[in-house]
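Here chain A shows up in two complexes: once beside chain B, once beside chain C.
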Partner chain A sequence: MSQNVLLGVINVLLVLLLSPLLEGTIRKLKAFVHSRVGPPLYQPYLDLLKLLGKEEVECEGNALYRWSPVVAFAAVLGVALLTPMGLAPPLDSAGEVIVFVYLITLSGVAVMASGIGSGSPYGVVGSGREMMLILTVEPILAIALIAVAVKAGSMKLSDIVAYQLSHPYSLSMLLVTFSLFLAVLAQLAKLPFDIVEAETEIMEGPFVEQSGPRLALFKWSFYAKELIFASLLVTIFFPWPRIGTPALAILVNLVKVAIMLLLVGVIDSVNPRLRIDQAIRFYGALIFVAFAGLAFAIVGS
Partner chain B sequence: MGALTCYGWALAFLLVGALVTFFAGLRTRRLGGLALMFAIPGCGLALLAAVSVFLRGTVSTDPLFTVPGIGAVLLVRLDPLSAFFLAIISVVCFLAILYSYRYMDIPWFADLSLAGYYAPFLLFTCATMTVVGMVDMFFFFIAWEFMTLSSYALVIFDRKRKERLRAGFKYFLIMHIATGLMFLGALVIYSFGKSFTFDGLRVTLQAMMETHPATVHFALICFFLGFATKAGVLPFGDWLPDAYPAAPSPAAAAFSGTMSKLGVYGLVRVFYEILPASNYSRTYGLVIALFGTLSIFVGTMTAMMQEDSKRLLSFHVIGQVGYMLLGVGLGVYFLPKEPNLALVALAAGLFHLLNNAIYKSSLFLNAGSIFYKAGTRNLNEIGGLSRLMPVTAATAVVASLSIAGIPPFNGFSSKWLLYECSVFGGARMPIFMGLGIIAIFISAVTLASFLKFFGASFFGKFRIPQAQAAKGDVPASMQVPQLVLSGLCVFLGLAPLLPLRLLYTSLLDIRPQLGVAGFAELFSGSVSSIRLSFGDGVVATWNPAWIALALLGFCLLAWGIMRSGGASRRTVPSWYCGEPHSDHETHFPAHGFYQPFKQFFRVRIGKYEWEGVYLSFKYPSIRLREDNWLTRLVSVDRWFFYPVVRGFYRLLVWFSGSHVGIPHVYLTWAIVGVLAAIALVFSLH
Partner chain C sequence: MHSTGYCQALEKAAEIEVPARARFIRTIILELERIHSHLLWLGIAGHIIGFDTVLMQTWRIREPVMWLAEQITGNRKLYGMNIVGGVRRDIPEALHPKILEVMDQVEKETKAVLEAVVNDSTIRMRLEGVGKVPNSEAIAHSILGPSARGSGVAIDIRADHPYAAYAETGVNVIVETGEDIWARTVVRIKETLESVRIIRDALAMMPKGPIQAVIDKPIPPGRVGCSSVEAPRGETHHFVITSEEPRPYRWKARAPTFQNLQVVPLAILNETIADVPITVGSFDPCFSCTERVEAVDVRSGQVRVYRKKELEELSRAFTRRGR
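Coming up: the complex of A and B.
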């Protein structure tokens, strides 16, 4: 019990304190690709600090609009408790892959509530896009995680990681990793799937009426999501090597996460934005890849 | 007082209430109050009976009455499964009647006699309660028929619009075909075993399975069709999206909370209790699960396209019933081989039924509240109602998140169990994996649809078609049912093991000889935490209390972080890039939601249009052409009456030619006539 609490504190602190640094790294990488100097690595921290002190300018939305950033932030931190980050997932006895998927959806719901609640047409359009992305991406997320769970014979993330550590890579895992990686791009709102916010088009969509500390919470929850999803991907699909020392395990995990996020950053900086219907079609095709992975997992290859 | 006494008195109160309200001759609220006076003891006693059965176990009467000749016996038995449904019915129907007290007061119903509403409503409550107590197919059908007829009266209550009468007729017709089929199924089995009781049917089926496989299949198909039609499973549930919106909102809430569920009750009784575990179970388990998933997919996808609040909810009734059928189908399928998995799946399906009864009734009441205030069901015409009715808005959000399966509300717990069952069932029979994935996908579609529902009605700019609405939320007697139901949503979300334990034991109670593991082995948890195992090791965990606690703690943390900078706050109008716009211009109607996604599911070929994935076309009206032989044959006027009448008329005209007006001619006629008469008389002799 006390060990779980310790693990939980470690995960939450990791997510809260290190995720802006990873975001800074991605920004630096993007600047490199664009042949710019780019902001310093600690720029996201400065952004958050600045936003936390700024005046909150709110429109006449309802309570859900006002509380949406808090819910989004809490949901993402809740997900952090379910995610293995080098060590065992802290709340393993309280939730498994399906709970994981639906808590992520809860943070999406908060984003949509912010957009719809603001009453701004930009916000509603952005929320509608978020919903459509969830509609197409969530099944892929679920299929991929279920495929791994079927191989491991258990839905618990700790069992899945343990199984993956002791078994070599297989065809089903290849397909599943591929589809999950692409699904994560949309979850993290990275190009070419940065459709919900689309700053140049609908002015950050759901966040158009959010400012000051509340915008800071939303931004922070997005940074946190990057770390969480990258961590999930690498611990489930690249768990090797097995490391005994906890501190070293966390460090190795972070290095793997950084590499994963750099890959995401490269894709983000060389791609244009897709339209929502193109994205739906893309994921509609991808879902068959995920299904193929699941089918292979069922037959055991 | 024993459970049966309570049950009997409850039925008596409701029946007498139905008669009294029908003949009382009171108007508006007074009649509602009178109905409540009967509903409170009726529903209260029924709930008491249910609780007593939960605590003390099954009770049954001696045969009260036997139909001579056919051997049907009137026998009341309340086992825990009946009690479970009895509890749902009593709570939902009572809340709906309480809600009606003020809801039926609106000017819309002013020129209709409310006796036509409350009397069938009480009768409906009484009939549904009777259905779950019957253990003899013959009397089961009598109660069932009373339920259908009283609900028909509720569907056509608001008869100002023609389409409602048409919906009522369709409902009446389809229901009777379905009931006829069920009765046929029962008769077929009866003809072999000469018994209508569930136990008798079970024994007969057991004997018939070896000797008459085709007959057994026929009877089972009849049962399946009948109950699936009542539950609203597609494609047999086509009546549902017409009939439910036609009934007043509280009645629709009661229908979706109780009547649709009794279809599932019937399926469980027939395929779990009556049908012995065999290869038939596997076939029909698969059939039930497949039709369930079809309903999930088609019903919910279609619901997403709807812009009429009650029609949207009606399609969700279809979709949600599919989830229950998925659970029941999984359970029936695995009954012979994997009883542990089977019982968990059945319990999951029934748990979803309980949850759905709660949040779906709440949603229908929410839609009623919107109608009460805004005077419309069209989601395009309203907006921003949360400012006017915060309580309704809050309950609608809770119910919507529950139905969409967002943790930690109750809908998630049951859907979670269903997903687990389909995944682990899928590992043994891969088709269930596909069905489970469809269910997961559709859960997101449900979320989309309800985001539209509460987003369009409660969020955004204030907008209402009536010139001005009365200030404040709906009256307290309408708020209380909504609050109670959303409170139940939260409570059952946090304590899922409580109903699951009841369901599991009640399922075991029906089939004690299955040889499955005990509740503690499969669910091994305390009040809140589920640690699911199907016999070998914990494979999945879900602890809503911890997750909710963590979320709450993180909410506080987030709030602390938000306030840490000491930022000041200012409220401004919405920003439209610096240009002034009227509210009308910036209104985002429900119609505009998810257009790109909807485009993928809209097909039109000729006069057939797939609305989403739901085939919607006008039923051809029968109109024969004038020169059709059938028309000519049928119109007796044309070939018999008119020719005869015309001939007679012509005869008269010709005869009137003799009327010349000259006395000599008349005299001549008279002499000729006399002579002819004399000649006739003489010739005869």
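Coming up: the complex of A and C.
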């Protein structure tokens, strides 16, 4: 029990304290692709500090608008407790992959609620896009995770990781990794699926009326999601090698996460934004890949 | 570009003969402006569809052009190069290799951009078949410049009514028949390459001689002059009536944006919100060139048009309140 608490504290601290640094790394990479110098690595920390210290400019929005940042932030911290980050997932007994999917969806719903609650036309359009994206991307996420669970014979993330460590790669895992990676791009609002915020179209959409500490919570939850999803991808799909020392395991995981996020960053900087209908058509096709992965997992290949 | 239009209108009114060297220098400056303007537009178009790498890279390519303009005229923008009867500064021989060097660099990098953009399937997904302006509508609405040439209308003042030194250098009018945003994009990129060609030729063909006409008598009053210039956004017209004082009695400039904007409602018809910014952007609009704003009260349906004077007063009042 006490060990789980310790693991939980480690995970939450990792997510809260290191995710802005990873975001800073992505920005540096984008700047490199742009032929720019780019902001310093610690810029996201400054952004958060600045926003947290600012006054909140309220709009006429209702409670949905006011509380959605807290819900999004809490949901993401909850997910952090379920994700293995080099070590065993802290809430292993309570949290199975189903809870993971629910909590991630909750953070997306909070984004949606923020836009609808603000009453701003830009926010409402952004929320509509978020809803369409959730409806197409979450099934892929769920199918992919269920395929892995079928393979491992357990819904628990720790069992899945243990199974993956002792088994070589298979066709089903290849398909599942591929579809999950692309689903994660939309989850992280990275180009070409930066459709919900779409700064030049709908001015950050659901976040258009958010300011100060509440905007900081949203931003922080997005930084945190980067670390969480990258961790999920690397620990489930690239868990090797097995490392005994906890500190080293965390470090190796972070290196793998950074490489994964750099890949996300490269894709982010060499693509324009798709239209929502194009994105949905893309994910509509991808869902078959995920299903194929699930089918192969069921027949055991 | 506008100063060329104004000077040419006045020169026509007063029957002033501009020296050949000055005409070539004007051509070089006009084409430098077109290169930087088209590259600027391409970057902004990239930014609108969320492709910031295009923005950063095209503006990097554009930077040497600005540097070159500063070397020639003393300014990066608003060159202050034209005077009635010629140009203010010569382009010395010593600068020629620099100009050619920058042109080589711009050509090489613009070709690379063209290739990258043409081969990018995601960009084409966003731009092809979007913001359609059929050829017949482009003619009916009299849209101008690259916006018209992207809809298969082969109009270009430089070729149709040559001014400056365009008769000597010649202009290949770039026309695309796609009628969509993609066609307008390709027109602008290819025009950038054509401008590089024109500058090279103009530099090679430039004769020696004076750069200003000798104006020994005052400009007679009551004369009318009209001149057309192909600006990067489309044709621009200047109309001047001279007066007894050393300033025009009447002067009217018409920029192409107001004309081009007329077709926007048609181009965005039945499109999604996501396509509206890039469709409006694809006409390279200069909103400050339209000098009027129409405000519609959605509830009562009342329309109020703000003209230039009211807009000026409003902005002054706003600035005062800001302090």
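Here is the rule we go by: the second predicted complex is superposed on the first by the 301 of 301 C-alpha atoms of A that agree within 3 Å, B and C clash if a C-alpha of one lies under 4 Å from a C-alpha of the other, contacts with A are read in each partner's own complex, and residues count from 1 in each chain.
The criterion applied here is as follows: contacts are C-beta pairs under 8 Å (C-beta built on N, C-alpha and C of every residue); 3 or more make two chains touch, one makes a residue touch a chain.
The structure presented is a predicted model; accordingly, all values stated were derived computationally and were not measured.
Asks: A:Gln3 contacts which: chain B (first), chain C (second), both, neither?
Replies: A:Gln3 contacts neither chain B nor chain C.
Asks: Counting residues of chain A touched by each partner, does chain B or chain C come out ahead?
Replies: So, of the two partners, B touches more residues of chain A.
Asks: Pick one for A:Asn271: touches chain B only (first), chain C only (second), both, or neither.
Replies: Second partner only, chain C.
Asks: Determine, under the contact definition given at the top, whether A:Ala142 touches first (chain B), second (chain C), both, or neither.
Replies: A:Ala142: touches chain B, not chain C.
Asks: In the overlaid three-chain picture, which partner chain does A:Asp194 touch, first (chain B) or second (chain C), both, or neither?
Replies: Once the two structures are laid over each other on A, A:Asp194 reaches chain C alone.
Asks: If you stack the two complexes on chain A, which partner ends up touching A:Leu81: first (chain B), second (chain C), both, or neither?
Replies: In the superposition, A:Leu81 contacts chain B only.
Asks: Touching chain B and also chain C: which chain A residues?
Replies: 125, 275-277
Asks: Help me check something: in the complex, which residues belonging to chain C touch chain A?
Replies: 46-57, 60, 120, 122-123, 125-126, 272-277
Asks: State the interface residues of chain A toward chain C in the complex, per the touch definition above.
Replies: For chain A paired with chain C, touching residues are 30, 33-36, 125, 191-192, 194-195, 198-202, 269-278.
Asks: Report the residues of chain B in contact with chain A in the complex, numbered from low to high.
Replies: That would be residues 384, 386-387, 390, 393, 397, 401, 405-407, 412, 416, 419-420, 423, 426-427, 430, 433, 436-437, 440-441, 444-445, 447-448, 451, 455, 458-461, 529, 531, 537-543, 546-547, 550-555, 557-559, 561-577, 586, 588, 592-594, 596-597, 599-600 of chain B.
Asks: Which bits of chain A are touching chain B when the two form their complex?
Replies: Going by the criterion above, the answer is residues 49, 52-65, 69-71, 73-75, 77-78, 81, 91-96, 98-99, 101-103, 105-106, 109, 112-113, 116-121, 124-125, 127-128, 131-132, 134-135, 138-139, 142-143, 146, 149-150, 153-156, 159, 203, 208-209, 212-214, 216-217, 220, 275-277, 280, 284, 291, 294-295, 298.
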